[in-house]
Each structure stands twice: as C-alpha cells, then as structure tokens.
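Look at the two complexes coming up: subunit A is in both, with subunit B in one and subunit C in the other.
Right after this comes the complex of A and B.
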C-alpha cells in the first residue's frame, strides 16, 4: 500500500507544475513516465524528488511516443499511471492516446499548452484545444478538463484519475504555460479525507492464475478484420461515451439570466472573462459569463439554454477559433451572433476584454 | 488413426491453425517460443506484446496474456508494463520494420537502459503485411516492391545488423543472439536463454530470428529455404552475439 503523501489540509504557495505533482501523489498515482518539454518539466522535477519518498516510480523515456506508450503499459499492468507534455510532445503523444481510445486504457495526461504551430514558444497558448480533444485517427472519445487555476490543477488532476478509471476513456488535464509556471496559493488535501473517491485500478493483463487453464487469457487488440466488426466496437464506445456525458460534463455560468452579451472562454482566459464581466456589470452593462470546464464532452445543454436569451456571444481565446468551433458546433441551428476575440499564442487580460465590449 | 502433433502446452489450441501464410516462419518462431515458455514453466507470468505487421497475427496465439500494440511501439508498451509490474515476464514480439525502422529508437533506448524485457524480432528481409516493400533488412540487390530493380546500397544503405547493434549498445548482463527458423532447436535455446536472462533480472535480452516470406519473395518451398539458409546467413550471421559473463564462483 502506498504511503499517504498528504494528510489534513495544507495551504501552499507554489507553481502549477508543483501542484500537479502533489495532486498525482494525493491521487495515489503509482508511476509517471515522461519526456522533457517546456513548460511541463517541473511536473517531472517535483515528481522525481517526491516519488521515492512515497514508494512511487518514474521512467524518463526516449521521446513522447514512448512516454505515451509506456503510460499505456503501466495502466494495462493495473497501475494509476500518468504522463505530462506540451506542444510538439502533445502531437507525438496522440499516437499512444489513439491506442488508449481503442483499447479503453484509462491513461491520464497533463498538458501544459505552449505556443504553436511547430516549436513556436515555450510560454503559453490555448492552441492545443483541438489536438487534445480530437487528436488521433478517431472520434475523440476522451475526457478533457480545462483548468483555470492552481487549485483546479490540483482538484482536476485528482479527479482525472478517478474519472479515467471509472469510465475507461483517456483523460486529459489541459493547463497552459501560465498555470504551469506561475506561483499561486491553493489548498493541498487528501481526497479520501474529503470523501472524494480515488481511482480503483485493476490489471488488464497479468492477472493471477494460469491463462487458458484457471482463467481465460486477456487478448487485447486494436486491429479488426472487417468494417462491420469495427463499426460495432466504435458504436458501442460512442454509446458508452454518450451515456457518460451527463455524468461528467462540467461548466461555470453566471450573470446570464438578463445578459445581452455572454462572454465565453475556457482555461485561464476564463479568469479574465469573469473579471471583465464583474467590471462591466458594475458599469451597468448586462454581460454574462460561460465557461466550459470539460471541453470533451462539451457542455452543450447549458450553452444552448443560455445562448438564445442573449443578443450576442463573444468567444475569447488565446487561439484562432479552436474554442469558437466547439461553441459553433454546440449552437448549430441557433441564430444568436457569435463574435470572435482571438489572440493566438497571446495572453488575454480582463482590461482588454472590458475595452473590447465597451467600445 | 490421426497423429496428433506435439504442440507447446502454452499454445492456444482454439486459435489453431494459426493465421500466418503457408510457409511463413512466424509459426516456427512461435513454436520455439512456446516450447521455451513451457520448459521454463512461466506461462502464468508471461505478458506478450505484438507489433503491427504480420506479427500482429499472434494476438491470440498463446494461452498467455497478450496485447497487440502499434507499429514499432511494442517495446515501450512492454517496458511500461515491466516497470509497473516487475514480476511479469514481458516479451515484445515484432518484425524487422517495427524493430529496426519505425521503432528503432525504442529498441536502442530499451537496450541502453538495459530494460529487463525480452525483445524478439523476426527478420524476413521485407515488409510482409503491407505487400513486400524494402525493409531495413532487405539484402543488397534484393528486389522488393519499392526496390523493383534491386536494393541499391549507395542510395538506401546496407541492411541493419540488429543483434550486433544491440550488443554494441547494451551493458553487461544483456543477452543478444540471432537464430533461424532453419534451426528451431537452436532458436529455442536462444529464446530460452533470453527469457532466463529476464527471469534472473540480468538485463535486456534480444533475439533476432531469420525467417522466410514465400508470399512476398514469390518463392516455392525449395527456393524459400535456399534464400533463408544461403543468401540471408551470408549477411546475417547466426549465433550468440553477447552473453552475460558468468559470475565468479
């Protein structure tokens, strides 16, 4: 049994990467596989310092392809295994995550978005939204939590393990370089003490007993021979995903009842959006706020409830319309106009949003 | 009365006859492996991973736990399992394309780290499942679908010599050998030693098996064996390349 990393509740002031490492410890993650890339490196740095004290393991792999596939291996072996990456590393990781989708391997990946395309910047962006939601040659059967603070990085990293293992879809915590590198205060806690359930792992391979004699062997494959065979499998997965959706979908919404304008943002930009809405309200403007926390599955229902009451929706993001497309898809058939506020690879402040809306 | 052939205990009879082409060497490699698993009595500890390419057809071959992975990625999946569950005996089974081309970085780095897994690579000088293209192991002048006039070594380099490469990289404690389906008893011994090496946690173990591909070579039985035993062995020397030094008594 793994030793408890945290007991009681502790106030801390730390970087987001450090918060993720503590969250993985608190979630009783047993092994991390990783490859260096900025801005996620310190997740590994803190994990490698803390892990041996609590009997946890680490493997530095040769690249993110290997980090993704070794993570799949760790999960198949029945461990709470995870990895972390960013940017070009996130691209390479998609190959393993498509296998995770097909074999229903509950991997956990923390993504700290950096600028794109290509090597771009090591700093910040929200340009890995589409990649993280829909990467791979499949249907995007995965869960993506977009966090906006260090507390949420801690909370949702813990949750990611539990949800991944409960529903058996690869699960991502989508942060960014600001959240990774900034210091902020948060509460660290032991989830069990708060009644938050931990993931319940079990091995997919390597169970006890002689295969074919005492039990059936586990024969896992991601290759199928006929169109019909594949169609049947994928249809079942889609059904599982749709059944799961109402149970996992999360959002934040405020000030929308009488709103003429609703400001939509995700991740750290939602903090700017929220502050802007507060400032605009104090000026007497009827502005509302909507933030999807799960980008996959997307909180379609709530958005469709809010949107028709407004005269205009504004989508603000540090990308050229990746959230915008999700919103558009969710609102198909609605006539409320959508206005973009796109700053690919650039941070967005509440002041500029206030100015944009007022003038 | 029908004579029941003596097949390895660890084979899964429900999935026989196997899915490989007639004359393919995979069946013989997997027979040797099955016997090695039986003799070491490790059936309930083995986790077997197979690659993409013809090797994937082994996904239900044994009464052991099996996962079929992606092209070139069996080595990292098995590494991940072994790191998480060191009590399992992890076997990564792949072809020459998977091990020496698309997955070469994984093979090289698993060898460098001396991962306590066993990699088995079937070398048949071409990409079988995709229809006979040039592989890293295609012999000089050999005709394939992507070298229709013969492999030009000036343009495409010389065939990869895997066990020699792994032996040069791997630390003390590693085991590397090249066997052939033309000598199944010897191949079985190599595989057994490789697995023994993992059981004793000495280091990485790697066995390449020379194998025939009559479908893509377009050869009859006689020509297949001639190519395997004469042409291939001139370039790919059969034998043990690196064995752990015996500990002093």
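Right after this comes the complex of A and C.
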C-alpha cells in the first residue's frame, strides 16, 4: 500500500507551482506528462521529486505537442493524467486539446501564463485567456478556472480532475508566472477527508470483454464523413455544455448592490481589484467587485444581474482586452459603459487601480 | 635579467594574493567571514543571506559582498533589490537586468565575477539560490577548497512539506553535501505565528542532533521578539530579519 500524499490538514509555505504538484498528488493523479517551460517548471520538478515516493508516474516528452497527446492517451487508458505548460507550450498543446474536445477526453492542463506573443517574457501576463478558452479549431467546449492564490491553485487543481471526469470536457487551471513563483501559505489537505469527491476514472479503450459481444464497442471518433454527421455531434456536445454550465460556473461578487462603478478582473489581478474596492469603499466611493472564476463557461447570468445597476464597469487585466471581450459578449445588449484598464504583460497593483478610479 | 623580472613579478603576485586573501578592510585580528546559505526552494535563503550581509555592514565591517549564486533564475531573485542594497553599503554580485538582454531563460549561467567571489577582500555572503542542487554548486566557485573560512549553513523552514519533520530535515540536509550548521527559519510568510517558529526550533534541534551539526540559531521577524523569553530558543540565539523579499513577486 503506497503512502497517502497528504493526511489531515497542514499549513505549508511554498510557491504556486509546488501547490499544483501537491494538489495533483492530493487528487490522486496517476501520471503527469510534460515538457519544461518557464514559469511552470517547478510543477514538473516537484512532481518528479514526489511521484516516486507515492507510486505516481512521469513522462517527459519531446515537446508540448507530444505532452498534450500523451496526456490524452493517459486519460484514454483510464488514468487521472495531467500536464502543465505556458505560453508557446500552450499553443502547441491546442491541437491535442482540440482532439480532447472532439473525443470528450477529460484532460487536465495547468497553464502558468507568461508574456506573449511568442517567447516574449518568462515572467507573467494574462495573455493566454483567449488561447486557453478558445484555442482549438472548434467551439471552446472546455472548462477554464482562473485562480488568484496558492490556496485556489490547490483547490481548483483538485477540482479540475473531478469536473473534467464528471462532464468529460477538457479542463484547464489558469494561473500565471507570478502565482507560479511567489511564495505564500496555504492549507494542504486530503480532499476525501473533507468529503470532496475524487474523479472516478475508467478506461475509454482496452476495457475487459469482447467489443460488440460482451460490451458496447468503444468507438471514439475525431473524424466524420459528412457535414450533417458533424453538425449532429457538435449540437449534442453544445447541448451537454449548456446543460453543465449552471452546475460549474463560479464567480466572486461583492459590494455591488449600491455600486456606481463595478471593477471586473480575473486571476491574480482580482486580488488587486478586491483590495482597491476595499480602499475605495473606505473613502466613501460606491465601488463594487466582480471576478469570474470560470472564464469558460463565463458567469454571464450574475454579471448581467449586476451590470445594469452600475453607471460604469471597469475591466482591469494584464492583457489587451482578452477578459474585456468575454465581458462584452456577456453583456451584449446592455448599455452600461465599459472602460478598459489594460496592461498587457505587466502586473497591476491595487494602488494604481485606486488612483485610476479616484482621479 | 629576464629571470630577475620574472621573479619580481612572481613575488609581487604572491604579495597581492596574500593581501587579497587576508582581506583588505578587515582589522588586524578580525576573522574574515565567508558564509554560504543553502536550503529548500522558498525556504528563505535569500532573506537570511541578505539580512546577514546587512547585519555585517551595520556591525561596521568594512567590505561585505553579497553573492546571488543562482544559476537557474539568475536574473530575478535580487534584481529589484540590488541598487537599494548597494546604497546600504553592500557590494552585490548579481546580474543586472539591462546586461542580460535576451537571457531570460538561456539555461544555467554563471556571472564571471561570481566565480571569483571567494577571492574578494572582506566578508562574503553567498545566497545559493534554487535549492534542488544543494551545496554541490559551490564547487563552481574558484578556490573553494582552499577557502578555509567557508561555512555552509542550511536554512530550514518546517512549513516546507519536504522538511516538515525530523526525518525530512535529516534526509534533506544529508543530500546537500558539506554543511557546517543549520538555521531554523520556520515561517508562513505574512501568516507566521510564534507556534511555527517554536515548533521549527524543536524539529531543527532534534534533526541537528541526528546530523551531528550545530544549530546556529533561529531567524524571525522582530514582531515576535516579545513572545520569546530570554532572547533564545532551544538555547540558541535569535537573529531578527528585516523582510525584503516579500516586496517582490519573483
């Protein structure tokens, strides 16, 4: 019997990348496939350091195209498999993740966003929002959690496995280089001890019994003969996705009841936004806060409830309008003005948001 | 005649070498301090090392050099702090951003003057960054074997899961190579309380016994001073940290 990675609850101090590695252990992930890229490297480093101790596996592939497809392969074999990447690696994984959408393969991918386009910086951005939500040559039938702290990296990495396997859509945990490398404390716990269900994997291929005789054959297709055939499949997938949406959509919202301005941000920028709202409220300004946690599916309903009460919405992000587009789409038909605060590839502090709103 | 010049040149070099080794700026009878801080990734090596270096400056030691010996992320750790630390009287050996254009992730890279850090006059405090490789990396420094003053200290934070208990600390320190002492730097960042510091002192003390190494002391923020009687923990001194690293994300 292999030792449990985590028993009880323990407060620890670490980087976000390590938090992801521990979360994958806690979620009983069985194998990681990966190819190194900053700023996600320590996810691999810590996984490879910890995996042998807890009977888990790791395969370093020749590139991210392969890491994406081997992750799909691990899942098809019935394993809780995951990978982690960033920037150009995220681009290369899109082909595999597009296949995962088509074959409904519950892959888990952790993305620690770096600067873009191309190699850009190894440090930080929120420029992989569009890519992670809609990177494939399809409809973006995937789930994307945008985290803002080490605790959330831990919580949502565990959750990603469970949600991916439950709904069979590829699931992404979207962090960034700041979260990857910064240090803060978090509680590590065993999800089962807290009553959090773990993913229940099963093989998609190579099951027991003769196909067509003793069991249904596994007929996984990513190729269809006619437009009508494809249309039928995609329509069914879209229907599944829409049925799932109210069950998985997550957000944080506060101070919006009487708010004249609502500050919208996701990921680590939402921490600056929340602190700014607190500071502005203490100055007597009526400012509210909205943060989508799932960027895909987007919490459209809540935003549409909040937005019309405000005189203005401000969207702050470390990208040139990638969250803004999601907000715009969600609010189509509403007349409340949207104001951008874009800093592509650059961090955003609460102080600058306070200044932007006050002056 | 040529032989005479060569001989003179040789003597001149020898004198220069001795002078450098003795350390300019160190008063007669004062030992040169050369320390390297190693430890788990995010254990607090940089914080402890730079506080130690600042402390030496405050104690009036003339020349103190802080070395950012990080081969993996050599452009980030002390990057935002370098100028400020230099203003406070430290000599800092680290890459400057403007001198590393395009080297964001060029692989492992050693700044040439860091290779010769042990040859420098005065005290030298080395922050051995990016914990996994351990003290073995010190072999990259020129004349490391001849540097008899060099002391290597392992910085331990028991909030790091792999060094959370006695067995973990012992295993980890044994994996580092030559270590001369251990330091309890147990903390949870902003969420630190006295409990983790005290528990850290106990675990580090027990581990040090197993390892046969001395405990150098406990490093902690000044705000906990009042909660500790007699200015000692487990019989070892306290060293107060003025936190610098928390101001930066990387």
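FYI, the second predicted complex is superposed on the first by the 352 of 359 C-alpha atoms of A that agree within 3 Å, B and C clash if a C-alpha of one lies under 4 Å from a C-alpha of the other, contacts with A are read in each partner's own complex, and residues count from 1 in each chain.
Keep in mind that, in the parts below, a residue touches a chain if its C-beta (ideal position, glycine included) is under 8 Å from a C-beta of that chain, and two chains touch if they have at least 3 such contacts.
All of these numbers come straight from a predicted model, not from anything done at the bench.
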Touching partner for A:103 - first (subunit B), second (subunit C), both, neither: first
Touched partner set for A:127, first subunit B, second subunit C, both or neither: neither
Touching partner for A:69 - first (subunit B), second (subunit C), both, neither: first
Which superposed partner A:113 touches (first subunit B, second subunit C, both, neither): neither
Touched partner set for A:205, first subunit B, second subunit C, both or neither: first
Subunit C versus subunit B, contacts on subunit A by residue: B
Touched partner set for A:220, first subunit B, second subunit C, both or neither: first
Which of subunit B and subunit C A:181 touches, first, second, both or neither: second
Residues on subunit A lying within both footprints (that of subunit B and that of subunit C): none
In the complex, subunit A residues that touch subunit B: 30-31, 33, 57, 59, 61-63, 65-66, 69-74, 76-79, 81, 95-96, 99, 103, 203-214, 217-223
In the complex, subunit B residues that touch subunit A: 12, 43-45, 47, 52, 56, 59-60, 62-70, 73, 76-85, 88, 105-106, 108-109
Residues of subunit C touching subunit A in the complex: 41-42, 76, 104-105, 132, 157, 159-162, 164, 187-191, 196, 249-250
Footprint of subunit C on subunit A - complex, ascending: 10-15, 18, 22, 38, 42, 45, 49, 119, 121-124, 177-178, 181-185, 188, 347
